[in-house]
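Shown below is the structure under consideration.
Which chain is which? They are A, B and C, in the order written, and residues in each are numbered from 1.
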Amino acid sequence: MVLELKNITKNFGGISALTDVSFQINEGEIFGLIGPNGAGKTTLFNVITNMFSPTSGEISFLGEKISGLKPHKITDKGICRTFQNIRLFSQMSVLENVLVGGHCRSKSGVIKSVLRTKSQRKEETNSHDVALELLELVGLSKFQDSIAENLAYGQQRRLEIARALASNPKLLLLDEPAAGMNETETESLFDLIKKVQKRGVTVLLIEHDMPFVMKLCDRITVLNFGKKLAEGTPAEIQNNQEVIEAYLGAEEDDEIA
Amino acid sequence: MLLEQIINGITLGSIYAIVALGFTLVFGVLGIINMAHGEIFMIGAFIGVLITSVLGLPLWIAFIAAIGVTVILGYMLERIALRPLRGKQGVSHLAPLISTIGVSILLENLSHHIFGAGNHPFRHSFAQIQFQIGSITVYLVQILIFVISITLMVVLSYWLSKTKAGKALRATAENLETASLLGVNTKRTITTTVILASALGGIAGILVGMAFNSVNPQMGLSMGLKGLAIIILGGMGNVKGAMAGGLLLGLAETMIVAYGDSGYRDAVAFITIIFILLLRPQGIFGKNTAEAGR
Amino acid sequence: MLGDIINPYHLQIVSFILINIILGISIYITLSSGQLSLGNAGFMGIGAYTSALLTINFDLPIFLGIILGAVVAGVFGILIGIPALRLSGVYLAIATLGFGEVIRVIFVNWDSITQGSIGLSGIPHLGRELFKTFKLTGFDPDMLGLKNNQFIYLLVVLILLLVNILLVWFFIRQNKSRVGRAFAAIKMDEKAAESMGINITYYKVLSFTQGAILAGFAGALYAHVMAYISPADFAYHRAIDILIFSIFGGSELIWGAIFGATFMTILPEALRFISDYRYMIYGVILIAMMAFRPQGIIDVSLLKWFKRKLKLKRRGSLGIGTKKYN
């Protein structure tokens, strides 16, 4: 078991964003998190990475309790994420973005960096190799020197994935990776996530593109109004009466909005 | 003796509160520290000197003139130093801070050139009128300052909570985007806020001139720093906190002068800043949230 | 011949430029992690007073005094930085501004040690002390055709130049490393940087403390170059001077701070009539820079353009250039 959430509740003031959410993710899985807008999916990501600490409940990662750790420590333990609204270091080059992702997998401090000791140079070469390999994986090799903000939207999403992978995570959290992508881009994203899974990385993803989720995920949890509505394989979820109702209701809301 | 010091402290504190209100309004609505606020206050004080001491006109004209000039300054500050930075891509959150620092040193040195570096007396007809209540001496000026300050605070609180423009201001402070979606003219609200804050600074300038009978170009900086100390003390963007913080700082400074070392009077404010940041970063009256100050 | 070219007044200005460059780097390095410090004048004062008092009262060698000055400033940097940096950048700006004022008030009021607003005089002069050492070895500046005075100022400039080169080398290397990338990441997006495993508090305190150490170091050098300091040297206006170096010159690159410090030191000297209106002009510069060129005069794209130009020229002079360059 990679990640275990036990009775997670998160309140903002008097409003409850998550109520008593529990689930487990097994090693090597692609786990989907779906639900209508405002169901608390991104909040759950923020709770897992401890951007917000949960009001109650416990999170374990690889059998170790991680709730209460600082966000950078959690990345260090092996959980890394992407953001729904793309948060690249926009003025840096593509390569530098991925190098920053490798920050917690290297150690050289000020003195070593200035003196360029042997171990520091080795570490830098190694980080560069890893970064280049990851850019190859996401298909951005030829853009390595471009400034991140000049990339196309879909490329930026892929760069975020490469940056997160640079921290060598055991669990990768993807927040709506397919949002704003066209059909071809979505297809190659599908292949990319499969490749990531083959590298031994467990994936937890939030996504609204239902055919994509159903095709990609091994198991799915559905959230609605901060509560877990259902959990199961794609086939089980598709036939779950409660889920269908929640979605039909929500989709009507979407059209109004 | 102690009672007299307390009266002195409250007089000083109520002026500080007016200065801090100007800071806190701008911070609340725009989320920026207006580093030029102290200098706008200083200009207000000089207008008072010009009207009363140089032209020999009555005090109420000084108030009107100071408000007039600081309102224009506030408008110019918003148009020249703040609006060009708003909504621009890739502008650091430090940009408005730096640009208002620019306005502050421009104003300080401008008045340095016009008025010279020294102290200017602030003459008005009733400076020496005093009352003897038992063993305590109270000056008419002190009562006047206190009454004006309290009136301003009451009017401002009423305006913020009851009038349409005041509610628009609070809505904008809460969330600019939402307020604009709900039909608040945020551009106008922001301009109103900066102008209102500047006018408060101008009034405070005259009050300080009355209280200390001396005005100089450097006073803007030290008052500006004190205003900042107060809004950190009272919680950034918190109107009631600014009032209470102002009174507290006024009392603390008066006590230091009366019973301690007067040379350290100006340090009280900054030692307060540093302690508050260490112990209670959201301010004494700020809400206790993890997101405070983020 | 050397003696005819060297003018002590010009050398004095060059040494001011070199000290100001260190101050410019001190604010640049703090800005490089997205933090604004308005207290660098205070840290400069701490460095200056520490070194001056130690060398006057305890006969400490100058170089030791300067190092201790920088260290003490750094300790204060950590003490101020840790609480303020847990909060947003605005708090740091206010806290450092307040800190600078507290330091100045202490210098003015603690007269038993600091001589109050009169200031400290008779601080050992960097050049003269070194000159004494040189004399002991039997060296005479006349051998270079220099007067004693010229030689002393030349020594100061050479030492400061060496220090500057070392510092620029240090920070360029730091910038191109994991540490520099962490600073830049925090400047661009704090939350994203934290999510990528960067300990933002550590790096913010690190860059702020580096700035404090540099300011203290520059202050100590200033004390031993001027041989006289007073609290007014480290007031708010000094903080504005330092801020201008980086904001005008450019806050993205170390070259910006260097250019800004150089330009802003020469300007009032070259154009005397300006020096009366100096701070008014500074005010206008700050406002205009924020509105029209917030990154400062020298930015990455200007540097790239310059490098390209340079490359073309070099090729041109080798005869491989295109017709345009012949």
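Throughout what follows, a contact is a pair of C-beta atoms (placed from the backbone, for glycine too) under 8 Å apart; a residue touches a chain by one contact, two chains touch by 3 or more.
Quick caveat, the model's predicted, so the values are computed rather than measured.
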State which chain is most central when centres are taken as means of Cα atoms. C
Taking mean CA positions as centres, which chain lies farthest from subunit A? B
Rounded Å distance, subunit B centre to subunit C centre (Cα mean): 33
Provide the C-alpha centroid distance between subunit A and subunit C, rounded to the nearest whole angstrom. 43
With chain centres taken as the means of their Cα atoms, state the distance from subunit A to subunit B in Å. 47
Mind pulling the residue numbers of subunit A that touch at least two other chains? 90-91
Touching subunit C in the complex, subunit B uses residues 32-33, 80-81, 84-85, 91-99, 101-110, 113, 221-222, 225, 228-229, 232, 236, 261, 263-264, 266-267, 269-271, 273-274, 277-278, 281, 292-294
Parts of subunit A lying in touch with subunit C, wherever the complex brings them together: 49, 51, 70-72, 75-76, 80-81, 83, 87-92, 96, 99-101, 103-104, 106, 108-110, 113-114, 116, 120, 123-124, 127, 163-164, 167
Contact footprint of subunit A on subunit C as seen in their complex: 170, 173-174, 177-182, 184-185, 188-189, 191-200, 206
As the complex stands, subunit C meets subunit B at residues 31, 34, 36, 80, 83-84, 86-91, 93-95, 97-99, 101-102, 105-106, 108-109, 236-237, 240, 243, 247, 276-277, 279-280, 282-291, 294
